[in-house]
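Per-chain numbering from 1; labels A, B, C, D, E and F assigned in written order.
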Amino acid sequence: MESVIEFFTSNKDIIFIVILMIFVGVEVIGNVPAVLHTPLMSGANAIHGVVIIGAILVMLDSEPTNYLALSLGFLAVLLGTLNVVGGFVVTDRMLEMFKKKK
Amino acid sequence: MESVIEFFTSNKDIIFIVILMIFVGVEVIGNVPAVLHTPLMSGANAIHGVVIIGAILVMLDSEPTNYLALSLGFLAVLLGTLNVVGGFVVTDRMLEMFKKKK
Amino acid sequence: MNIEIIHIVYLIASVTFILGLKMLSNPKTARRGNLIAAGGMIAAIVGTILLREEPVSPIIYSLIFGAIILGTIIGWLTAKKVQMTKMPELVSLFNGMGGACAALIGLIEFPNIAAHFPGKLGVVLAGMLIGSVSFSGSMIAWAKLNGTLKNAIRLPKYNILNTVILVGLVGYAVYIVFAQDYSLTHLYLLFTLSLVYGVLFVLPIGGADMPVVISLLNSFTGLAAAFGGFLYDNQVMLTGGILVGSAGTLLTLVMCKAMNRPLYSVVFGAFGEAASSSTSNGPQGNVTEISASDLAVQMNYSSKVLIVPGYGLAVAQAQHVVKELETLLEERGVEVAYAIHPVAGRMPGHMNVLLAESNVDYDKLKEMEDVNPEFAQTDVVLVVGANDVVNPAAKTDPNSPIFGMPILEVENAKSIVVNKRSMNAGYAGIQNELFFKDKTNMLFGDAKKVLSELVNELKNLD
Amino acid sequence: MNIEIIHIVYLIASVTFILGLKMLSNPKTARRGNLIAAGGMIAAIVGTILLREEPVSPIIYSLIFGAIILGTIIGWLTAKKVQMTKMPELVSLFNGMGGACAALIGLIEFPNIAAHFPGKLGVVLAGMLIGSVSFSGSMIAWAKLNGTLKNAIRLPKYNILNTVILVGLVGYAVYIVFAQDYSLTHLYLLFTLSLVYGVLFVLPIGGADMPVVISLLNSFTGLAAAFGGFLYDNQVMLTGGILVGSAGTLLTLVMCKAMNRPLYSVVFGAFGEAASSSTSNGPQGNVTEISASDLAVQMNYSSKVLIVPGYGLAVAQAQHVVKELETLLEERGVEVAYAIHPVAGRMPGHMNVLLAESNVDYDKLKEMEDVNPEFAQTDVVLVVGANDVVNPAAKTDPNSPIFGMPILEVENAKSIVVNKRSMNAGYAGIQNELFFKDKTNMLFGDAKKVLSELVNELKNLD
Amino acid sequence: MKLSVLKESETGETRVALVPKSISKLKKIGIDVIIEKGAGEKAAFKDEDYIAAGGELANSFSDAIKRADIVVKINPPTSEQISELGPEKVWISQLFHRLNDSLIDALSATGVSAFSLDAMPRISRAQSMDVLSSQSNLSGYKAVISGADNLGKIFPMLMTAAGTVTPAKVLIFGVGVAGLQAIATAKRLGAVVEATDVRPECKEQTESLGAKFISVEDDGVKTEGGYAKEVTEDYLQKQKEAVNKSLANADLVITTALVQGAKAPILISREQIELMKNGSVIVDMAVAKGGNTALSKPDEIVVHKGVKIVGVSNFPAQIPTNASELLSRNIDTFLSHLVTDGSFNWDFEDEITKGTLIINNQKLSS
Amino acid sequence: MKLSVLKESETGETRVALVPKSISKLKKIGIDVIIEKGAGEKAAFKDEDYIAAGGELANSFSDAIKRADIVVKINPPTSEQISELGPEKVWISQLFHRLNDSLIDALSATGVSAFSLDAMPRISRAQSMDVLSSQSNLSGYKAVISGADNLGKIFPMLMTAAGTVTPAKVLIFGVGVAGLQAIATAKRLGAVVEATDVRPECKEQTESLGAKFISVEDDGVKTEGGYAKEVTEDYLQKQKEAVNKSLANADLVITTALVQGAKAPILISREQIELMKNGSVIVDMAVAKGGNTALSKPDEIVVHKGVKIVGVSNFPAQIPTNASELLSRNIDTFLSHLVTDGSFNWDFEDEITKGTLIINNQKLSS
């Protein structure tokens, strides 16, 4: 109990941010029409590609000689990039059809 | 410039919270029907009565002999309470009419 | 330990505020939302007092409790006693109290902060300044709604004057902070100036625009509370204040939009110019407008609605949408019927022809003699493009061209809503005093268009 | 200094994510929203690399750039080349990549964190675990959509099995953290188990439910990213991840609701039971359903829509709402007409009687011979409660009771939507192969009800 | 106070001035009703119905008149009926007094007081007593039904396996009470309807029924009473140009144009009729006042180069039940205006009394 | 190949079997059209119109028959016409062969081949050649117009200053093609409509037009051809009970009930007629097949205790223009089925050819 409260206190801002972010996430897409379900999912998919930042940080912090870390890190950055680039581009293509024909 | 960045860094969580809160505030009432404009305003009015916490803190921190601070503080708590209590009660009364008649 | 638990309490309170506002924007949950926010508020207040670790003198405790109890009694009684129609002015009053509270905090803390944390001086001043403006502005708004202050009072070139004062105010505060000149004279001068600005800000504005102003001042107070939160590094004040600040600003914008008035005219005091446009050539005074969404809620919560169609229904070809309205209301358990005046329209049976086209059940069409006694039990009468057939002058004014014609006695209903495009007269060419009655609200616009909106609002209600 | 600027960059990026998602939920702004979020992402990535204060070896820089360039090329090309119909599987694939990235971060950081910040070990493991599940699950989903994996494969009692594995997985991670047993064996075992769970989680689920699953896995990956943010105390990862986590979860729920399937059946793998119910006694295969809101967008962005009314329109008495649909579409610049088959309905001129009642212009009613050549230039044909009159069997099947009857050749249109209540036959009692065509989507439900929904969705589109 | 209802004697008349339902209403204001035997027969009201409602029967019109203080009828009195009248009696019927000087003289000579129902002023308050309005309304409906019955085509558009039947095109002259009801009825049946009138406000009214208005580029003005005045030759010429195209396409034309106190205007000349399609039909509702076409004859069907011109002088008589019901309501409301508690109560300042009282030989109470 | 269109000779018949519009269509399949002089006159089609469309005139029916390979008419041939016929010629008209043995014998004797239009099978493909369907449809409309014209009331509800006119109550027996169109037309005019039929699927169809269906608690079954079969006495009894209340309230009753190959069923007995209101009207559309009421007489208006019973045996003849147009389209479609490139092309396996070819003396090509 003690430790939970302690954890809470030391991270209170982060926790606050998380909670607010959850509200924002939910509110922001609250009125999405069904036709946008797939593009929205795809766009959200691209956004969580932000995990690539973690992969970059891993690499930046690695020893230039730690080959295992470097190769795994390389892979991680590559995959993360795929997620980001592929995600945004595919979303954009899906959304092309919303252009008014005339 | 320097100092702005510094201010930013030292308060980054707070700033984040403020920004998110703005989003939440805007999103949360985004679809309010016109009939609820007044009750919503009234409810929001009650919520900013939270300023009373500041007044209480002022008093709690005051010297028991600082009569000026105490009397101003007393007034502040009183006014804050009016804001809170009056605000919530009046909102509740406005909303009574939304009860289904049958 | 306590100091840590209080953070959890504050977090919960903040969340209740968010949830509360969210629920307040939906008619179904609004009341519960208000209570939830109130619960959070009580928790935050109680927590602040009780979870204190440093010892506090009993005098101070008793002062605090005294103030709270006193405030609660006064606030509660005022709020409970006030008449329905006086509520907006009460909201303004309470808003002013909050602003005053913020201003007082600033006044008290200024010397303290100046001495110990000069870095936060800007925050203190900002809170005080905004609080004061909100306070004095709200008081003026209250007095106007109240009737104490009747007219919009405008100093010459008030627009320029106000802007100058505002700039001076902000400049002065910035000067105090940067010049590090912490004399109390400055403080009181700034305080006084802020109060004056608040007064001048609201004075020129006409009564009809008060709701928008109150909403704006409301978000000011929120901002002042947020500065308080910043000052004390207090999360619940911060989040509560910002929440009200942002939601309040949006609400102000939305209200402006509903009134068809851009925000800049609010900020720059160009208020009230168009405010009296709702009266026409007719001499009988002011009419009250109602929006489609307000009407939708009102109808949704009624038990019995009567629709009075007239020639305007035919002109607008609104027979299909009126039928849709009927169906929707009936689905919601509202009893709906049509009151047909024998000469409504421009030919005998005009309304019958129209309503038959949209398949309105013959049983729902009530003749004048049968329906007149029913109005007294009717919650809402919706008059759609009818005028002469509901004109009380037929009974009261022997000089009227329609004197002696029996009319539909809609005035007996609990509430009357009249849809037409303007204040123009009907066939007989005479103004209708019904439109100026307290119980009557006008829903202006082409019948087909406006009723479609109404139908949409009704659909959005669940 | 740089380290401070990066916080501002991150803040901006987070805001673009929020704005991006918000704009993505409105057809008008969706595309711009996607680009805005992408801009924020680029800023965050570039900032992270460039605003580094400690020196970094050029090898590492080149590796990073190499990976990014390679990833960009592959990602871009794949995304650009893929056919429209293959997009969902690509989303699943990319989602898996994100999960794998998170899992790899966990794998790499585990020893490091274990050594230096044991307090954050739980965070590392959580990120790795969730990332792995998301990765392997997405791969299975991809393979299913792809056609590589055809059927739902179900181990006996897979529900219980899956739950057991999940509980074991979590228990094992908790054990590692609390027992402070940081051997890599544990790590790899946990990793493998997570991958297995991901596979078993998705395997039993039928193809029709994949979109929901992908959305769920999507929010998992978001969560994994958020744990990464927690790990590095990195705000943009944290906020981006949480945002996707919460929005993704809501989206999953919304999609479930649109498919009429409760969430628990998603979580507990009770998928796919009802998936094949859309085929009826007719033998011709699967039909595709379309929702009113999808149809609304499709129609809104069409140039020409033809409506084919049939007996069902009469049964539902949907003539008024079909007229409303026409008016709305015409207001939006869509050309609308009605294709009237000479024997539609149950009496000669049945459709004329109905449509005249709702005041449809006579000029908008097209005879069969005149309209048949027009279908090829029609974007959407909406068949409302008609069946026999659009049944190609009349041309192709000499044994059919309607053989030889001329029909409306709706198959020539770019897209066909058929509204009826079920897969039941019409007057002639025969199944209609039109409903099973690729170009055909079914909009099931009573015509009046469903068209009202359609009209509402259309109104919400602006 | 006794009121007698006479049986109508005009050929083709089927209506009756009072229906059984009105008897109890009149009882309340102190009027007892006597019915000439068989008066309601043709309108489906039997003598028994009247008796059941509280009326008495009279065997002949002279009997009926003799026993009454007030005598009501729809049509003007015949000379036999006039000979039975005398002072102290009050006569109520349509009199068309401006066109009927000799009748008025004969009536005056008897010393009777007489009200003319057709002279009812067109004010809001009098709307419920206005027989022209109530009967025109029914006529407008009936003219369409009669036109539809005479036409070789059907009204609605029908797309059938045996081909498409195009909707009938109906053109209506005069958008007064009858014209509006005709528009509504023709629209209901599915026809494509156009209409024209001298009064510009008719445009909106026509459109309010979903039909198209043909505007004539000129300003027709209306008199205060809601009646149209005579228009210039120039106007008629412009009207011809505006309508000729529609006329050539029309399947059914209905004319209702009347001008107060004058002969009905000729709106369709012989040449215009010859423009029309083979098989088309004109229903002339103004035929009793001279007709709106050059060729119409009262109560005859004239066929001219394939165009049927149907002149019906008394449409309401073709729907006697409803027509009598409305008339009866008009008349009993009018009586309520004139009689209180069994005695007359005339206010000579009152517009209604003043307007309708054509011959006044009566003292103020009976 | 030549086709002659004869002028109808039955009294009261106004239609013509072919209208000018069909001539060019027939030309395309190699048929030239000859018209007996004046054949289209009553339906508003002039001889000039036919010539303009590419037809030739014949001065008499014998001239027309002599010059033709195919002879078409609506009604069965008269004995004079039969005497002109001979082998190698093809006759097309309604023959009602099941009720007309002597006619068939006489025709057969001439060696002609004859198709009966009324024997068209009720299959989807034949819908565009089905004259019963196309004519019933028009009859349904016309029956309502005719009913409205005969009724002393108006159809719609009208709330006016002179009181409220209640809507007419219309009751329809038989919800086939004619019944449905009658329902639609009566609804359009604003009546309150009820209907009843033996076939249970008629309930939904009636409701799809906004009217009320009176279900009889029994299961009437239909034959494959879409025709109703004869029902039991028990059913008729139950039907009486179910409808009597509506009958007593009805202002207008329209009966359309037919049974294939049999006399029309009597659905309204004399006692039931006596239940009805004074002034109400019955339109019996089945009168040509014996009538649906006990008292109806073909082409007469019988008045029984205040109830008018209107029997019209040939409603389509009252709307000859439209009726002829649809018939003509039916017939030209039928001819397209029988003739390719100017020569016959009969497939005896084909349901349509098989069903309609009543007398076959023809070799397969002309």
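Here, contacts are C-beta pairs under 8 Å (C-beta built on N, C-alpha and C of every residue); 3 or more make two chains touch, one makes a residue touch a chain.
Since the model is a prediction, treat every value here as computed from it, not as a measurement.
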What's the overlap between the neighbours of chain A and those of chain C? B, D
Common touching chains of chain F and chain C: D, E
Contact-richer chain pair [B-C vs D-F]: B-C
Among the chains, which has its CA centre at the largest distance from chain F's? B
Validating interface symmetry: for the copies chain A and chain B, is the fraction of residue numbers used by both over half? Same or different. same
What whole-Å value do you get for the distance between chain C and chain D if each is reduced to the mean of its CA atoms? 41
Cα centroid separation, chain C vs chain E, in Å, comes to 56
Expressed in whole Å, how far the mean CA point of chain A lies from that of chain F is 74
Can you check how far apart chain B and chain E are, centre to centre, with Cα atoms defining each centre and the answer in Å? 74
Mark out which residues of chain E touch at least two other chains, giving numbers and ranges. 127-128, 133-134, 137, 156, 158, 160-163, 165, 188, 190, 210
Can you list the residues of chain A that touch 2 or more other chains? 14, 16-17, 21, 23-24, 27-28, 30-31
Quick check: what residues of chain C touch more than one other chain, meaning two or more? 18, 22, 235, 239, 317, 342-343, 348-349, 353, 356-357, 359
Spell out all pairs of chains that touch, sorted by label. A-B, A-C, A-D, B-C, B-D, C-D, C-E, C-F, D-E, D-F, E-F
Complex interface listing, chain C residues touching chain A: 1, 4-5, 7-8, 11, 14-15, 18, 22, 235, 239
In the complex with chain F, residue positions of chain E that touch it: 14, 43-44, 46, 127-128, 130, 133-134, 137-138, 141-142, 145-146, 148-149, 151-156, 158, 160-163, 165, 185, 188-190, 277-279, 306, 318-322, 325-327, 329-330, 333
Chain A residues touching chain C in their complex are 5-6, 8-9, 12, 15-16, 19, 23, 27
Where on chain C is chain F touching in the complex? 340, 342-343, 348-349, 351-353, 356, 359, 362, 365, 367
Which positions of chain C touch chain E when the two form their complex? 311, 314-315, 317, 342-343, 345-350, 353, 356-357, 388, 394, 401-405, 428
